[in-house]
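Each in structure tokens, the structures are laid out below.
Across the two complexes that follow, subunit A remains constant while its partner is subunit B and subsequently subunit C.
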Partner chain A sequence: MRSFLETIAALLFGILIGAVIMALWGRDPWASYAALFQGAWGNARALASTLSRSLPLVLTGLTFAVGVRAGLFNIGAQGQMLVGAVTALSVGLLALPPGIHLALALAFAGIAGMIWALPVALLKLLRGVSEVISTIMLNWVAHWLTLFLVVRKLSDPVRGERTFQVPLSMRFPVIQGELTWALVISLLASLFLYWFLWHHAKGYEIRASGLNPRAAKAAGISVPRSLLWAILLGGVCAAWAGAIQVLGRFPYAITSDLANLGNLGFDGIAVALIGRNHPLGVLAGAFFFGTLATGAARMGLRGIPIDMIQIVQGVIVVSMAAPEAFRMFRLRQRKGEK
Partner chain B sequence: MKILLDVLPVALRAMMPIILAAVGEIVSEWSGVVNIGLEGIMTLSAFIAGIGSWATGNPWIGVFAGLVTGALIGLIHGFISVRLRGNQVVSGIGINLLGMGAVGFGAWVLWGAKAPMLDQRFWIPGVFLFGVSLSPFVFITPALVALTWALLSRTALGLRIRAVGENPVAADVVGVKVEGLRLFAVVYGGALAGIAGAFLSLDWLHTVSPTLPAGRGFIALANVVFSKLNPFLALLGGFLFGYFDALAIQLASVAGFGGSVPYQFLRMIPYLVTLAVVSFAIGRARFPAALGQPYRRE
Partner chain C sequence: MNNLIEARKITKVYADGTVALRNVDFSVRPGEVMGLLGENGAGKTTLTKILSGLLSPTAGTILWKGRPVRFSSPREALLAGIGMVHQHFALVGPFSGVENIALGAEGGPLLAPVQIKRIRAKVEEIMKNTGLQAPLDVPVEDLPVGVQQRIEILKVLFREVELLILDEPTAVLTPQEVDELFVVLRNLANSGKSVVFITHKLREVLAVADRITVLRRGELVGVRNAKETSVEELAQLMVGREISAVRKREAPTLGPEVLRVQDLVVPGLGGELSVRGVSFSVHAGEIFGIAGIQGNGQTELVEALVGLRPWKGCVELNGQSLAGLGPGEIAALGLAHIPEDRHGMGLILDMSVAENSIAGRLSAFRGLFGRLCWSNIFRFAQELIERFSIQARGPRTPARSLSGGNQQKLIVGRELSKSPKLLIANQPTRGLDIAATQFIRELLLRLRDEGMAILLISADLDEIFELADRVAVMYRGTFTGILPAEELDREKVGLLMGGLTLEEARG
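After this line comes the complex of A and B, so read on.
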């Protein structure tokens, strides 16, 4: 209960700072936030868009959450997401029957995500390299690699601003508006990881390694193997986030500035923290940031740049680092009452 | 092979931010606090320094503004890490996100562009020596490195900083103020990262953008590992990392070479070199015993 209140407090604090910045800038924060929530939840169409934007965030959120459960700060989702997206897109060069084509794209993307995540585990386990450094370096390498493939190899010959579009046989069918059946991937990944971490021996070993590596080792658990699994599973999730963004959302391609993949990987960090690094909590965190992302487009119409959302996100993450801040505030209030 | 020499002047610039941020972080880590928010500090300081120079017409006021910005973010990170005993890595991640968002937002509000170029009037003027224009940081940075080394190794303050990072309980018992020293060390680290940011926008790249440091904050963290927390080795490491950063930039801009090897692959060089160097250097590094752990008085 206390942790839930702390999370709510961090969310409100982030939103408050956003309001203060808008007020200082001479914009009406109430009207802006009203436009945001109207744009995100106002009607079925808006809600479908919000859910659609939440789906990849669930997956990158899971990457960070599984990492934390194993005692890691895996901030490599961004690079794994990019590699997954471009791999899924490349499978579009083949001609295959519907269904099989989609499944194959997801399989290849997942493998690519694992391959991109593997060096993080190897460097950590064999050379003691902090995953914070190795993941950021690999994110940048992935960025330039993806840019190379998108601009030089996969671009649309007619429309230079994006790659070719994936064939219909590879797209997720539409449920309503922007929402596609990519929904199933995010929900299943979240449910699977919940089951795996809490109801499977290997998942239990991962959590034990994260809570107390020494005790886990003493109990006969292989901590390195747990870390390896947590990093590889995270790689698959992040890669699928990129894949469903390409296979399940307009423009069914990658834009030449990679803008439609954006910061999905980094956004997952805040999503996971809000979800308290629980696979099911991540669903709520993703819905919150999906709301902000969709609503931000509406705020953009009022001349407020989308970066506003990133500020709110940053403030929320910083606040989540120090849950005691809110506890201290409560204590002070109580003292004041006396 | 002439290019390997031609790179040197660029390398002399590219090494500066990686040295400055790393040397500041060395002080912070000796006291027991990790700050992985260097990237965010550099992003925001580069932006505030740009504003400072743009608003006053004096680039050195810009550098000072960058320093103060870095110190203030260091103070926030220190408050969370030391006083609130929060999670240092999460706080650092938040600072990085915040820096990215604040600069994207701020640059758009002020100048209507996400990555505006700074006019030459606002750059730090070069120092002419032997007929070449050198960055004044060629002198400032080694001075700061030497100063930091002296602070850590030759003063009582430095000894205390190392004591609270190694064994905060023992330090507290003998009357050393653990929280105050750690806060000082993190603010010092933030200030140096702030100077590194100001250098990026005012002396080298002449622009501000949400991704201006492009991973250099994390390369600085890698340099800290490489240096084994020795400021002078960080100077050497900074040269190594800076050299490959500059080489990538130079090779990419040389006509012909960019054609045979795609530009995008050249841009990967600094990151791959960093991974390689860190994986070979790390086995020998020894870090303060209480690094990353908050101290709670019993």
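After this line comes the complex of A and C, so read on.
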């Protein structure tokens, strides 16, 4: 309850600062914010668009959140997301019946995500390499590898600006407008992780390892195994974020500049922080992020320059992520003192 | 006689609403040693933190030499002439004694040789006058704790304080070192300085103090002249009820050997050996005590036995070798462990009482597909709360919000619920109030009578004397002696704790 109020206060604070910035540049903050929320929630189509943009963020947010629960600072979602996207796309080279094709694409993407996350776990557990370092490096490897595959191997012979589109048999069916049944993946992943962390023995061990590794070890919990689980589960989630972005959203391909995959992985960090690193909170965080993304378009129509929109978005996001980031920092400090 | 410092009607309410002090009056005369006595949580440390400028009182006034003062930082108090030596020293490990003393008082470039020379001369004079001897040129991290403490005291005296406050100074000392410290404090008082000596050990406060102020639950319960009071009266003041006399114990009825340790060697950090070849055994129905000043290898010994640290030698639990086993596997063989570091190792403070109650026994609460049966867990936690009278609002309360005594009861309850063959209790009552201490000690004795094998590690000699049937004294990684209960006496154990062998101690 307290953290909920804290988040609301942070939101209002961020909105206020954003308003001040806009007012200073001679724009009407009220009209701009009205445009933002109308653009995001104003009608069914807008809402569908907002939800659609939120879905992959739920998954990358979960990656980070599960990591934090295990005491990790796992910022590898970006790379795992790219690998998942390109793997799912590649499954489109096969010809299979609908449904099965989609399931297979998700399965392969998930496995690819785990494979991409595995070195992070191995390096940490066997060699003591910080997951921050290894994930940053693997993110870059994934970036260039994906770019190479997208431009050189998977590009559409006719349309140079993107890869081939995934076959219809592999696409998520549309619910309304931009929103597809990829919704189920994000919802289930979030609900599952909540159940797993709080109602499953393994999840308990992961949280214990994250909160107090010494006590966990003394209680007979294998801390390395907990970290391995958290990293691999995170890999699956992040990879699915990439997969549903390709299989569940126009253009059903990867653009040659990777723009439609964007910073989904990194944005997941902020989403997780807004959602207090709780699987269900992540849902709210992602929805909020989606709101800002969709609403920004409408703000743009109002003649607000894109730079200012981004500044306002940034201010709000930072403000909302700050309380949890601060809490994590303090937890880390406390652990360091022991 | 005029008071050097006088605190009137001091009240301190912390931000979370805890009332740490309520209308407490406290005064110290020039040239006296004032003992400040009370259980943990009685408000001793809060009071001295207020006197030394670390905290400001919510209400009340402080008179320093008759004039009202309000210190906003320890620095101001120090300049006025009030210095405090905290339980945790503030020394720079690689610096020598004189450098540590000089730090912040150089009055010129940092640690400039000229200044150091001047400072050394003054420190040597202080050492001569007070009898407080310490090597000044050795890096302090290479010195024993007792000597480090002297440097801390010298550091404060160097600032020419008139009131010296010592927070539980004897917790880390051997009995001999305690005696030496008391001589120093007496000298200081004779030279006109005042000393406030915080403790919860009755014997010590009677040995050194002129007057004794007793606090209980944040309130002043009495001021006594040391010459006119007794251990019994002070104890009564402290706890507010007669503490039950030490239970007369019957001789143990020894069962089979439960734990056998032979030539145990445990490497510490940096390649040095922390435990150098220790052998002993613990039988069912006895309490085997390990006494010794902290830091002589007890921690490493315990961590090796419970599987948290690699070791060499031979350790058998019920005839089964523990070589190569992890903490979970060893626990499954019937070992329960009350760790010395309650917060770091015993509990996960950010988890609830219920979640903590199942640490190490998940398998008992696992359902289909590894699902946790929360209804069973809550029922179990509620049971623990009732059986061990843990003061908690309920199973969902975070462990962090419990008091130290209740946290320890939670750990003890959890460990005993594993129905172990061997219980290792490492400093089980450290930092607990008298009621909780009594609870745990009585519990250990009852378990012994019921036939459990108990390995008790404690730096508190009273505890060892009260509980143990046989006592080993640990010094620098070895046992200097193993004594049966009949042969125990305070002086002998003290000498063994200081490194003498049994023969030397007997002679």
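Convention: the second predicted complex is superposed on the first by the 301 of 338 C-alpha atoms of A that agree within 3 Å, B and C clash if a C-alpha of one lies under 4 Å from a C-alpha of the other, contacts with A are read in each partner's own complex, and residues count from 1 in each chain.
Here, a residue touches a chain if its C-beta (ideal position, glycine included) is under 8 Å from a C-beta of that chain, and two chains touch if they have at least 3 such contacts.
The structure displayed is predicted, hence computed values, not measured ones.
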With both complexes overlaid on chain A, does A:Leu123 touch subunit B (first), subunit C (second), both or neither? first
Residue contacts with subunit A in the superposition, subunit B compared against subunit C: B
Check the residue A:Val317 against both partner chains and state whether it touches subunit B (first), subunit C (second), both, or neither. first
After the superposition on A, what does A:Phe148 contact: first (subunit B), second (subunit C), both or neither? first
First, second, both or neither for A:Arg2, with subunit B first and subunit C second: neither
Please indicate which partner A:Tyr204 is in contact with in the superposed arrangement: first for subunit B, second for subunit C, both, or neither. second
Given the complex, residues on subunit B that touch subunit A span 36, 39-40, 76, 80, 84-91, 93-105, 108-109, 114, 210, 214-215, 218-219, 221-222, 225, 262, 264-265, 267-268, 271-272, 274-275, 278-280, 282-283
List the residues on subunit A that touch subunit C in their complex, please. 199-202, 204-205, 207-208, 211-212, 214-222, 331, 338
If you look only at subunit A, which of its residues touch subunit B in the complex? 21, 25, 73, 75, 119, 123, 127-130, 132-134, 136-141, 144-145, 147-148, 151-152, 263, 266, 269-270, 273, 305, 307-325, 328
Residues of subunit C touching subunit A in the complex: 306, 308, 326-329, 331-332, 337, 339, 341, 343-351, 355, 358-360, 362, 365-366, 369-372, 374
